[in-house]
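Which chain is which? They are A, B, C and D, in the order written, and residues in each are numbered from 1.
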Amino acid sequence: MIHQKNPITQSPNLSIKIGSLVLKNPVLLASGTCGYGTELDGLLDLDQLGGIIVKGISIKPSPGNPPPRLVETPCGLLNSIGLENVGIESFIGDKLPWLRNVKTSLIVNILGNSVEEYAEIAKKLDGAEGVKAIEVNISCPNVKAGGIAFGTDPEAAANVTRAVKKATDLPMIIKLTPNVTDITKVARKVASAGADAISLINTLLGMAIDIKSRRPALANVFGGLSGPAIKPIALRMVWQVVRAVDIPVIGVGGISSPDDALEFLMAGAKAVEIGTATLVRPGTAENVLAGIRDYMEANSIQNVDDLRLPE
Amino acid sequence: MPRFDIPARIIEQPQLAHGIFLLTVKAPAILDSANPGQFCMLEVKYNNSSDPLLRRPLSIYKTRANGQISFLYKEVGKGTRLLSKRRPGEIVRVLGPLGQGFRLIDDRPQCILVGGGLGIAPLLLLAERINQSGKLIILIGAGNASEIPTIEDFSGLTRYFHIATEDGSLGQRGMVTDLLAQTLREITGMAQIYTCGPWPMMKAVYYMARKKNIPCQVSLEAAMACGIGLCLGCAVPKSDSQGFLHVCREGPVFDADQVNWEYSQ
Amino acid sequence: MIHQKNPITQSPNLSIKIGSLVLKNPVLLASGTCGYGTELDGLLDLDQLGGIIVKGISIKPSPGNPPPRLVETPCGLLNSIGLENVGIESFIGDKLPWLRNVKTSLIVNILGNSVEEYAEIAKKLDGAEGVKAIEVNISCPNVKAGGIAFGTDPEAAANVTRAVKKATDLPMIIKLTPNVTDITKVARKVASAGADAISLINTLLGMAIDIKSRRPALANVFGGLSGPAIKPIALRMVWQVVRAVDIPVIGVGGISSPDDALEFLMAGAKAVEIGTATLVRPGTAENVLAGIRDYMEANSIQNVDDLRLPE
Amino acid sequence: MPRFDIPARIIEQPQLAHGIFLLTVKAPAILDSANPGQFCMLEVKYNNSSDPLLRRPLSIYKTRANGQISFLYKEVGKGTRLLSKRRPGEIVRVLGPLGQGFRLIDDRPQCILVGGGLGIAPLLLLAERINQSGKLIILIGAGNASEIPTIEDFSGLTRYFHIATEDGSLGQRGMVTDLLAQTLREITGMAQIYTCGPWPMMKAVYYMARKKNIPCQVSLEAAMACGIGLCLGCAVPKSDSQGFLHVCREGPVFDADQVNWEYSQ
């Protein structure tokens, strides 16, 4: 434990760099759990955060999967939303203008059914004013084609990475799925294919059965598991990937408190994303940020990067 | 439309009948902007426990001038059981007011409220609001009398008040749809139906209304994670397309025409 | 929902068959969470249960990993016991005599560092009076060699299966690890290599960091995650494997209540194992068994196999 | 050695000092077979919540003839916080009595009990037992007086009773090891030390005892999942081999020689 010996006089420096992208602090909102930002108006001060990663966008608008789409599990949430979204055109036309006025870094999460689709969406975003980076979702367990299929095959993951890289100059974060035998294999592949950063984890594939109706509880049968339940798995994978690649790693999975976030930062994550916790308490990200700052002050840690444990 | 996520102190929480509780909390900010048919998301977990993880949606049942809001709810599972154990003086986190409530239609002099069981919860504020203007007809159904222990809150509001219970323990023996059939036979002139209750009941009410060309607003339920449009989990199929309504954001109150009533979850 | 129309007169039939092994009911105790049985004396009536699967046994006694070995996580438990056990000789000499007097089916969980070791332990058990079946642990995340290495490689898993099959006539259950991209691949391989049944899941690899001491919370850094948190993942994998192979599947992972067990049986599991829940409440298995019986009676289900949902 | 897992009713649970609680439950079966130094596993979660998942180990502090058992504990985290919220009349599940307690050594007329902070918890029953026979010396240390609010339970048992607090708010200013050094200088004849407290304190006590060739029993703590030998999680390295002691089954009380004191977790 680091004791408060010489309380620092300057306030701690929370800003971080992800490739060419500078974030004012390491706390981001995770895709699919913060809508397009507007939904949080008045409940969370987006201006305070390091960034917001909006709901996964596809080429065409998509209605998503049939309900029921949600089941609560012990310390977890199963969802099978299935990437319901407004599509790239409407996103740029209807959602982006509002988001431009928010004083945080806007990152757009994208999902395609083919390598070409990923590239096409990325190209459309390349010119879009206000977009600071792209998070490439090759890990959604809730769509039939694309999504997780790319994330579980290192070769396919690298192909998507290269295609998006070619299509845009924006910093590109590749978001990995935990549903693999060896996460470091996929991570290494996408890193050498040109990813600027890696974020992980997306949800774990799970299911529930409603014993009253004697049917799977989700209409889609399978869904993605998120929330505190998965935190130990997310942290392990972040730890592994941090030690396997040289690019920045963003940690996500079950983070609800400052202590949770500190675990990820200590494991070597450059930044963290808050997902399900925002659904449960909209103000979580601000609380996490304040807690990280407090911890750094109390332990005289000047830069957020210094939270990482020595090897 | 301002919303608040606040720690609210519990004023009281009597058990009104077996498994039915009336939780009153102090939450002036929420009260000030609440409309009939809106709901709140209540945190049910204790302290730092994350199980149960999600908040629970409850309709705003009653409000009082002194900043107090009441929720009328039934203990059905883990979350409501934990909530029911909370005592006066303790704090419960409440996010609200949420969603789109009932829309009052000015040219409809006759408003028929149809409630089934605890589906009456979102209807009280509405009844009080309507009462100030037009003609209020209240029809309430339940399995038996003990499922609707707060019936007096409604019965004083209008003389057009009828109850049906399946076991005949209160009012007429039968279903609330029987009451509605009678009412629809009797009334003349423009009317508007507002309903909340179990899905099959609302479906029956809607089909009866449609036959008579009476517009019908329904308050729907769906599993919710956030209650504020972030997760897109609370989907209900639309009547006219492949798309979905989102109960927490576009609802919970919808024009019944918008809903695909043939979809069974 | 099945309504209680014609309450059945006979009491429901809970017995099941796993290959040639007949169990009086589908509730077993999971390996590593019931010691060698004696530890539960007086707290749980083992005679009532379908079976008990004792702690994983290796050729030589093993001291296990250094402490700390346990961390609590949200609705979960991380352990890095590392297969501390008395070794096969002492098991047969010191533990088996007591276990022979218990009126439940004794299943021995085994773990080797090589295919040969698995075969050697199996051979030793083949003649041991009282042993009814072997559960082959190719999924332990807490040992360096062997364990999970066999479980993540379908070919290696098949090799172990064949070797054990050759070494013993006892019914053989292969226990799979969830830390794989496609569980059905491994399942199909071990099924065609001659496994009599498959049990799953073993623990998910996870970790935690103690932010006070600024160190991994487990001395071993990584540990295996068990408990209610993992139930949705276990259930999904059981559902998948039941539909991928023709041999019986035994479900394990986060089962704490009769409702949990019913979910697995409805997914098609022949039987269930109770793990972490026994640590939390020693009497869990009896409670689960009673609850299954009650549900069957209330819903007029005559045979436990009939709980499985129709396709 | 019979053990029981029973729902026990809470009789009272006063907060004795900031964050320190004395929980008394009715559990006659457990009491009847309890020995000094044994502990119980208490369920801290509410209802059907599974977070926190594990029970918490607490030493048996006090027993009364009427079947009541008391636990003296400090609120340090999630589990003890939840436990501290429980009220008289509520039920808490208790598994016990567990583990191997202190061994009374007949030929040791002088017994020195060394407790640090809430490490005094397992020592009271022991002190009461010894008091019936030999000479009882009690040494207690703490940061300040408020950390040991139940000190009167001990002070009446023997006139060889000394306290040290780091801030001098009670007894001598200093550490309990200072008291032990003084005592070891004064006593003559055969002695036996029993100790419980923070690891560094126990380590110091053991090294002092070893120097004087006085046998020392220590009550250890370790993270526990089951408390009954099922999980093998509660390992502490042995002094003489690669192997481990299991605190819940072979302990929590050990001869201090058995323990590898240089291992720091």
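Here is the rule we go by: a contact is a pair of C-beta atoms (placed from the backbone, for glycine too) under 8 Å apart; a residue touches a chain by one contact, two chains touch by 3 or more.
Keep in mind the model is a prediction, meaning the values are calculated, not measured.
Asker: Farthest from subunit C in C-alpha centre terms, which chain would that be?
Answerer: B
Asker: So how far apart, in whole Å, are subunit A and subunit D when each is placed at the average of its C-alpha atoms?
Answerer: That gives a centre separation of 46 Å.
Asker: Could you tell me the distance, in whole angstrom, between the mean C-alpha positions of subunit B and subunit C?
Answerer: 46
Asker: What is the distance in Å between the mean C-alpha positions of subunit A and subunit B?
Answerer: Distance between chain centres, rounded to whole Å: 36 Å.
Asker: Name the residues of subunit B that each touch 2 or more other chains.
Answerer: As it turns out, subunit B has residues touching two or more other chains at 48, 50-52.
Asker: Going by the contact rule already set, what residues in subunit A reach two or more other chains?
Answerer: 73-76, 227-228
Asker: Please categorise the chain-chain contact pattern as a line, ring, star, complete graph or other.
Answerer: Contact pattern: complete, every chain touching every other.
Asker: Where on subunit A is subunit C touching in the complex?
Answerer: The contact residues of subunit A facing subunit C are 1-2, 73-76, 78, 152, 179-182, 204-209, 211-215, 221-223, 225, 227-233, 235-236, 239, 254, 259, 262-263, 266-267, 295, 309.
Asker: In the complex formed with subunit D, which residues of subunit B make contact?
Answerer: My answer: residues 45-52, 78, 81-82, 85.
Asker: Show me the residue ranges of subunit D that touch subunit A in the complex, using the header's touch definition.
Answerer: Per the touch definition, subunit D meets subunit A at residues 50-51.
Asker: Could you list, by residue number, the parts of subunit C that touch subunit B in their complex?
Answerer: Listed in rising order, the residues are 74-75, 228.
Asker: Under the stated contact criterion, what part of subunit C meets subunit D in this complex?
Answerer: Subunit C residues touching subunit D: 32-35, 39-40, 42-43, 55, 63-64, 66-77, 79, 81, 84, 219, 227-228, 256-257, 276, 278-283.
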